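Same chain, two partners: chain A is paired with chain B first, then with chain C.
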Partner chain A sequence: MNNQIFKRLSYVVALMAFFAVSTQAQSPVDPNREKAIDSLALEKVKDLGKYIAIIGNKDTPFSEANRVMDRAEELFAPGSEMGVSSLASEEIKYYKVREYFQRLMALNYDKVNIEWYDVQYISDLERQPDGRYVGVVTIYQKFEGTTADKMNYKDTTKKDITIYVEKKKTQIAGRTIEFWDVILGDIRVSETSV
Partner chain B sequence: MKCRNGFIPVATFFLCRFLLKNSARNDKRMSHSFPIFVRLQDSCFHFDSNFLYSKRKLCEKLLKELFSENNSYLEQNLLEEKSFNEAIYMKPNSHNMKSIFKLVPVFCLLLFVMSSCKSQKAVVDANQEPEEVIEETTPEPTPPVKKEEPKEDPEAANRALDARLSNYFGQIANASSINAANNNIREAVGMFSNGEAPVLIIFYAANGTEDFDEPTTITKYLNYLKDLKKAPHKVKEMVMDSQGRIKELVLVKK
Partner chain C sequence: MKKLILLSLSFFFVFTSYASAQIVGENYEIEQQLLASTKQLNQFFKRFNGEEDVKGRTFEPDDRQYRNERLRKKYLSILFDEEDTDISSQAKNDFIERVTQGDNPEFLNLHSKDWFAVVNTTFLYKGKEMPLLLYMKIQQEALGYEWVIADVAFDPYKTMFDKQRGETKVFLHPMSHELDFMNLRKALVKGGVPESYTLADYKPDFLTIFLYEVKMGILQFQTVNRMNYHFFGIDGWYFSLTNFNRANDNSGWLISDLLQVNTSQKEDLLKIIYEKK
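Our next item is the complex of A and B:
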């Protein structure tokens, strides 16, 4: 009787070990791989910073700005919002990303310079129950606008960007390619200073 | 037909030995002396035509041994005093001479084979010489060169294409103006089947697995280089179409 119980218990333990190993194998355990995914996501954020600088730049031709807007919008999850702040007001306004880009392009300055710096994770990418990786990256945005009569406005805003990374599949030339899709979520303003 | 010089003496040796044995054993006229003759062959046969005389002392020794062992053989009167002496000195007895004469065609045949092999070799050499002369006289052997060129073509073409594309990446990223970058983009896109040719970017590879970034198109990718003013990737693989244009590009981080 005791032998039978022992046998059954050993089967259960073996099954549990098998499932544990198989679920472990599905996740990217390789720390270098996780690091590469982190870097990939961070690069996308930096790319967005460049796109915003191009869109805001008054020297950028309209067609180019529109093309870049399309590229920048592709980085975001549908319906994502961008927070906008000002030294003149404590209110933080949120716009859909496309609207934000269009307003940025139409700012009433003769010269606009936008720069993103100190791009880093404040919350590392972590795997969620639905399989997606979610993290938060913080950036500092330095804005400087100059009018024709040399009126100058500048501020620095700290913004938090939610990042989602998930594995997707696509068909290319009849082949199924698995790739890591980095999607940006809402961008929230956390601080605004001179 | 190749002639191996080392094989001929050995083959000659065994062939002669075999024939001598058989002739001695089968010839009834040699019946009284065949044990001696066979023993002699087994002991001291070689290619010297006068071997029987030059080995006289050894023959005497061997014969004595043989007769001491084969007393019964002697008792049967198979060997007479006369034939005994003849056997020792191998003087030109008619029986012995006949057996020796039997070897003559064999040696002739062997000599003919050896000479024919040599002559064949000489013919082969003679045939090769004119070819060498022709090769020397013709300074540019054009057919082999033409054959080698097509073998190197795909690799060389790929390398050239890779270098050209990498050059475009650099030029687009470092363009002095948007117009200059756009011109380079236009030229670079001309290397592809169309502007929508897929571009795959590997951002991590280990243990035989590759992790891809989101696939894009060549037009978008080249514009990406222009916008970011950097060329962070290098070409890993190019898939060509039937017209020799790139229909798919795989890039990897530098």
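Our next item is the complex of A and C:
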């Protein structure tokens, strides 16, 4: 938990460093700041990756998996959904984030291994009508599951993850500090042919 | 003893290196494919415009490589579907030459009005799952931009308002006004043909009907199946993008149709895409 707080604080401090130029609430994201926001977004996506691997791991005790699900859910904006399709069906099935994690935990495999390819793509940040910025981070995840009778299942999914970027305020040592925060939104999960 | 330890350590080192090389090797090939794939529309735009490097890192506008003509030609050549479409190499080359033309290059812009998405969806309509096309455009609103529904195509709507013309059609006779239009009672009935009593140039607005039926719960959204993007922003050209999910470098968002079009051909093409008569 301390680790979490420390991490958040370091996000805030890191982004504050890029916030020195303008304090106008609707100011555009300048290129330097955009790079810092990209890094923060990737950090959050990596955190999500770690949480997914723990939730999917069959050695994770039930109580621990639930605690990690809580942490993972905190990365998301309320109401976020996962839209899942497979090679067999182009139809997208929609799950609430928590429901998706619960399904992952309940998968009927004896052993599960989840890895991430070292390929990611971060879109530009686009401004929405409400002034917040939105972008999409694309990553690829490899899933391997083995059943009790040693049947193997493998797939690689593309995950297009919505990121929302908005300016927030916090109090540090009695001073109000503004900073850019990143929160995850809907995720499109599609099975790839690779 | 020392020798034995050294030998064991070297063996261990060789073995682990080999094992990790195996994993890296397997992943390497896939990662190269994933890198080559045009993973987002955003990346298609950036590659088209020559605004990022091969690893997807954005060039700053003051970078020598930014929108570099040679880089653009290289990228553009890999932005075409090479398996399922029959775009001639002549058309491809002409298009690449046109958009990279030294004194008048063309670039794509997310906020442009000259492109739109056609989203193939499924709706539940009167208890039955039915396909419905949504035509989506991007527009400016308040502090930013948003995607909006510009039009719909839905089979039941297409014939619902087909109006009969001529001598055999039903009508409100020309002296109806003297009877305080009391014959409207017979005209406007359930299952009737109320469109017969409209102006000669009456055109139904399918989008409004769609919105009404969604609000009333008559049409219920089920899912998105697939989508295409259509571009008319390059003068004299039309192209469309499709997402190809393949286990090779020619994957992701690629140009699946490319045509040289004049103004009247453009209008005809738009009618076909919008499924208008």
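Operating definition for what follows: the second predicted complex is superposed on the first by the 136 of 194 C-alpha atoms of A that agree within 3 Å, B and C clash if a C-alpha of one lies under 4 Å from a C-alpha of the other, contacts with A are read in each partner's own complex, and residues count from 1 in each chain.
Heads up, the rule we're going with is that a contact is a pair of C-beta atoms (placed from the backbone, for glycine too) under 8 Å apart; a residue touches a chain by one contact, two chains touch by 3 or more.
Keep in mind that what you see is a predicted model, and the values were worked out from it rather than measured.
Applying the stated contact rule after C-alpha superposition, one finds that A:D118 touches chain C and leaves chain B untouched. With both structures placed on the common chain, the touch criterion links A:G131 to chain C but leaves chain B unconnected. When the two structures are aligned on the shared chain, A:F143 is found in touch with neither chain B nor chain C.
When the two structures are aligned on the shared chain, A:A36 is found in touch with chain B, with no touch to chain C.
When the two structures are aligned on the shared chain, A:Y100 is found in touch with neither chain B nor chain C. Taken together, the two complexes place no residue of chain A in contact with both chain B and chain C. The touching residues of chain B, counted against chain A in their complex, run 178, 198, 200, 203-204, 206-207, 211-215, 220, 223-224, 227-228, 239, 247-248.
By the touch criterion stated above, chain A contacts chain C in their complex at residues 26, 31, 83, 87, 90-94, 117-119, 121-124, 126-132, 136, 138, 140, 156, 158, 160, 190, 192-194. Those residues of chain C that touch chain A in the shared complex are 27, 30-31, 33-35, 39-40, 42-43, 56, 58, 60, 110, 122, 141-146, 223-226, 245-247, 251.
By the touch rule above, chain A contacts chain B in their complex via residues 30, 32-33, 36-37, 39-40, 47, 50-51, 54, 60-61, 64, 67-68, 71, 168, 170, 172-173, 177-182.
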